[in-house]
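For reference, chains read A, B and C in written order, and residue numbers begin at 1 within each chain.
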Amino acid sequence: MEATPATPAVRLDGVSKRYADSYAVRDVHLDIEAGEFFSLLGPSGCGKTTSLRMIGGFTDPTEGAVLLGGEDVTALPPNKRNVNTVFQSYALFDHLSIADNIAFGLKRKGVDKAEIRRRVGEMLELVQLSGQSRRKPGTLSGGQRQRVALARALVNRPAVLLLDEPLAALDLKLRRQMQVELKQIQREVGITFVFVTHDQDEALTMSDRVAVMNEGRVEQCGTPEDVYEHPASRFVASFMGTSNLMAGTYRDGAVLLDEGPALSVGHRDDVGEGTSVSVSVRPEKIWLSDFEPGMEVLRGVIRETVYSGPTTTYLIELAPGVTLSVLEQNTARARMEDRWIGGETVEFGWRPEHCLVLS
Amino acid sequence: MTLLRTPAPTDATPAEPGRTRLRRRRGRADRKPRVALAVTALFFALLYLPIAVVVLFSFNTIKSLTVFDGFGLRWYRAFLHDEVLINSLGTSLKISLVAMAGSVLLGTALALGLVRCRTRLGSVAGLIMLVPLITPEIVTGVASMLLFKGLGVTLSTGTVMISEITFSISYVTVILRSRVAALNPEVEEAAMDLGATRWQAVRLVTLPALLPAVLACSVLIFALVFDDFVLAYFTTGVDPQPLSVRIYSAIRFGVQPTINAVGTLMLAGSIGLIALALFIPRLFGRRGGLDLLSGK
Amino acid sequence: MTLSPPSRGPRRGRRAPATRIWTWFMVPGTLWMTAFLIASLVLVAVLAVGTTDSLGNPRFGFDLSSVRALTDPAYSHVLLRSLGYSLLTCVICLLIAYPVAYTIALHGGRFKNAMIAAIVVPFFANYLVRMYGWSVVLSDDGPLLRALRSIGLADSGTKVLNTGTGVVAGLVYGFVVFMIIPLYAALERLDVSLIEAGRDLYGGPLRTFLFVTLPATRQGAAAGLVLVFLPAMGDFVSAQLMGGPDQIMIGNLIQDKFFQGQNWPLGSALTMMLMLVLLIGMLGYLRRTRKDEAEARG
């Protein structure tokens, strides 16, 4: 049953998971293309892991269907699905050596011994663990355990690899390194990756596409640029990085802030006159000098200057109770003496397209 | 009664100067809990005195239990030539082996089921498991005996085996339950994810992970059953009788020093087995083992 | 692009639920326990209201004569004596176990585990052999009394064996480990900084002990009391080896009715009476701990 290129590798078709009195996942529709690095991103309890478990076959959906390569697998147990999982806890078999851990799936499939040995060797090389094959998982470091878990899943050449926060247990530095490695491995093997994470940086840097989930639903699904630059909802805007969110009322091409001035946002067909909306501007999209024509320019008072190495963050009070955070790069051309200090009144502005209206 | 600041190995890292001074000042104000120390010393002495007496007089050359005449193996030889006692030893070993195998098999399955299955049957089974632990042995013994008599079964080695299995299942379940609960459920899921059926996942992954605990538990049950007296006393036939029942009769009706020799051998055996049970988890590179004993 | 038709309805029961295999795991053991334990206990209860035929064989029926026989002062005496011995045993075990557990938990240092093992391991040695050795130690010209006599704490008439003291000594020796383990566990968990804080608050070591250490270990002590009381009430070996005819306990009565006396209905009734006493004790313990937990929660 070779999937035609147009058939998504994974399709969640109106999938819900209901527990006694609440939905963990509610009416999720997703198509994940073959060869994609796809992330499910959201805070804990948003349903991302439940969605992943439904693809893997560990949780039965209450409603809807799970399709792999166009085939309905909703009723199949995990061992009958052509997907493999890298678990959050790695779930290595402590009583088996690393080689036996990796060989586990092939042995179950009845692959012959020589072939198993060859493919295990290949995998050990891919995850840079050649020479460690006789060791037991208990003697490995966190990063090495992670690699074994990855090799154990990949060696089966699944159509889809599911990864449940595989980097969550690693320290920051190792995590960054593994992010790069994981992405490289994915390109090398060309397998569809479905990656669950609560870390938006991780999702942005690694994914081809991201689905942002909240309270059991997919809030937005798109490329990292899409999701970051054009958040579809207030939740996405605030969950993906920092956003200056200001509440106001839309009227005639402008939003009159509840506290403060009216911001011109251009005419919006999709927003009705007099509706309550939020205006969102990313801190790094706000300029503090050299304004261009057509920009929205405002005045405010510097309340705080936070220096953090490559960047400086200013907290600027636009109106009582409305404080914007503004990020400025400390580039080679910027001089430390030129930084603003608290109490000064400054001008700041942004391009109209960077000012988003969210309902 | 307060803290004693002895240089314990955990305190080996040098504390900052100010803190050391503070500790020393406090330490001087503290007194060792002399009464508690004295009670502890006396307790250990009295705990081991009876055992020491049995061991010592097993090597006595005369029959007395109060006068130690000289060192000899007379009573060990007497034991080895006592056909009845040797027979009983064989019976006890048989009972222990069968009871161990049966209760570990049933108890391990039960522990797995109790932890993983949260149905009504599970909670009922969980309650039943607790019954032997809160019932004095004499009650279980009487009840078993009545049941066998009521069913018209002649008491024999077999009836002892059945009762010992019944009683031991609880221990196995209680001890292994916490071990099963500590297992990572994702490991079983991983096995299924890699193509194993549910049963293969249990066999290939869960049971090997439990193996050290199961082995330690088996040894423990063997020792417990071998040493058990009350249940065996109520459910055994006339001949052959388990060793502990023979010892009971011997103690009751005039002591023969042979019992000292048998007792010493049994003490050595039990202590060896318990040490083994404690050692098994370390053999598999896991720490701890004492919790196995206090697990009840 | 071909797609199988999207199906939406509920999907329950399509695949064997994960719990089914685990249910099967429980079945053999549960059946076994029900057949050999629960059934046998029910049988004891049934036989307690049974009768005997002319040959002394038990017969089922409904006859309260055995239950009524329990009101005989001879039996109530034995029951009261058993209760007294067992409670005394509990108290003495607590008095011994507390300092021992305290010393090991807070002053044991690196020998902690070794010391606990040294207490637990002999407990696993054969109960009869230990009791027998203990009876030799306590005998009239055994090492203990001879030592006491030599320092003038006992005279030639002092006896331990064949007295109530002997029986209680036997029970204490047999079951004290059940008190030490939960107390040790409680003291072990006790945060050392709590004691230090107590020293700051209350000053004196005695007051610290009374207001900090003791309350923190109350649950351990309660568990220990139950664990000692249960086997002590059911014991018949200690009274047999250490006591005389005037020191028999309820366990000896039961044993007698089933072996020598051959009055099984009466033996069953006595067994049920024993269970009833223990049940009351257990319920008291459960109520106490539940109250403690409720208080701890605020």
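A few comments on the model shown:
The rule is short, and it goes like this: contacts are C-beta pairs under 8 Å (C-beta built on N, C-alpha and C of every residue); 3 or more make two chains touch, one makes a residue touch a chain.
As the structure is a prediction and not an experimental result, all values here were calculated from the model.
When chain centres are set by their Cα atoms, the one at the greatest distance from subunit B is A.
The innermost chain, defined by the distance from its C-alpha mean to the mean of all protein C-alpha atoms, is B.
The distance from the centre of subunit B to the centre of subunit C, each centre being the mean of the chain's C-alpha atoms, comes to 16 Å.
Distance between chain centres (mean CA atoms), subunit A to subunit C: 57 Å. Chain geometry summary: the mean Cα position of subunit A and that of subunit B are 53 Å apart.
Touching two or more other chains at once is no residue of subunit C. Residues of subunit B in contact with two or more other chains: 198.
Counting partners per residue, subunit A has 77 as the residues that reach two or more other chains. Of all the residues in subunit B, the ones that touch subunit C in their complex are 1-4, 6, 8-9, 26, 30-33, 35-37, 39-40, 43-44, 46-51, 53-54, 57, 65-66, 106-107, 109-110, 112-114, 116-119, 121-122, 124-125, 128-129, 131-132, 134-140, 142-147, 149-150, 162-163, 165-166, 169-170, 173, 198-199, 202, 220, 223-224, 227, 229, 234, 244, 247-248, 251-252, 255, 259, 262-263, 266-267, 270-271, 273-275, 278, 290, 293-294. Across the interface of their complex, subunit B is touched by residues 18-19, 21-26, 28-30, 32-34, 36-41, 43-44, 47, 58, 96, 99-100, 102-104, 106-107, 109-110, 113, 116-122, 124-130, 132-134, 136-137, 139, 141-144, 173, 176, 181, 185, 192, 195-196, 199, 205-206, 208-209, 213, 230-231, 233-237, 240-241, 251, 254-255, 258, 264, 267-268, 271, 274-275, 278, 282 of subunit C. By the touch rule above, subunit B contacts subunit A in their complex via residues 184, 186-187, 189-198, 200, 204-205, 208-209, 211, 285. Here subunit A touches subunit B in the complex through residues 56-58, 77-79, 83-85, 87-89, 91-95, 104-105, 108-109, 136, 138, 152-153, 156, going by the rule given at the top.
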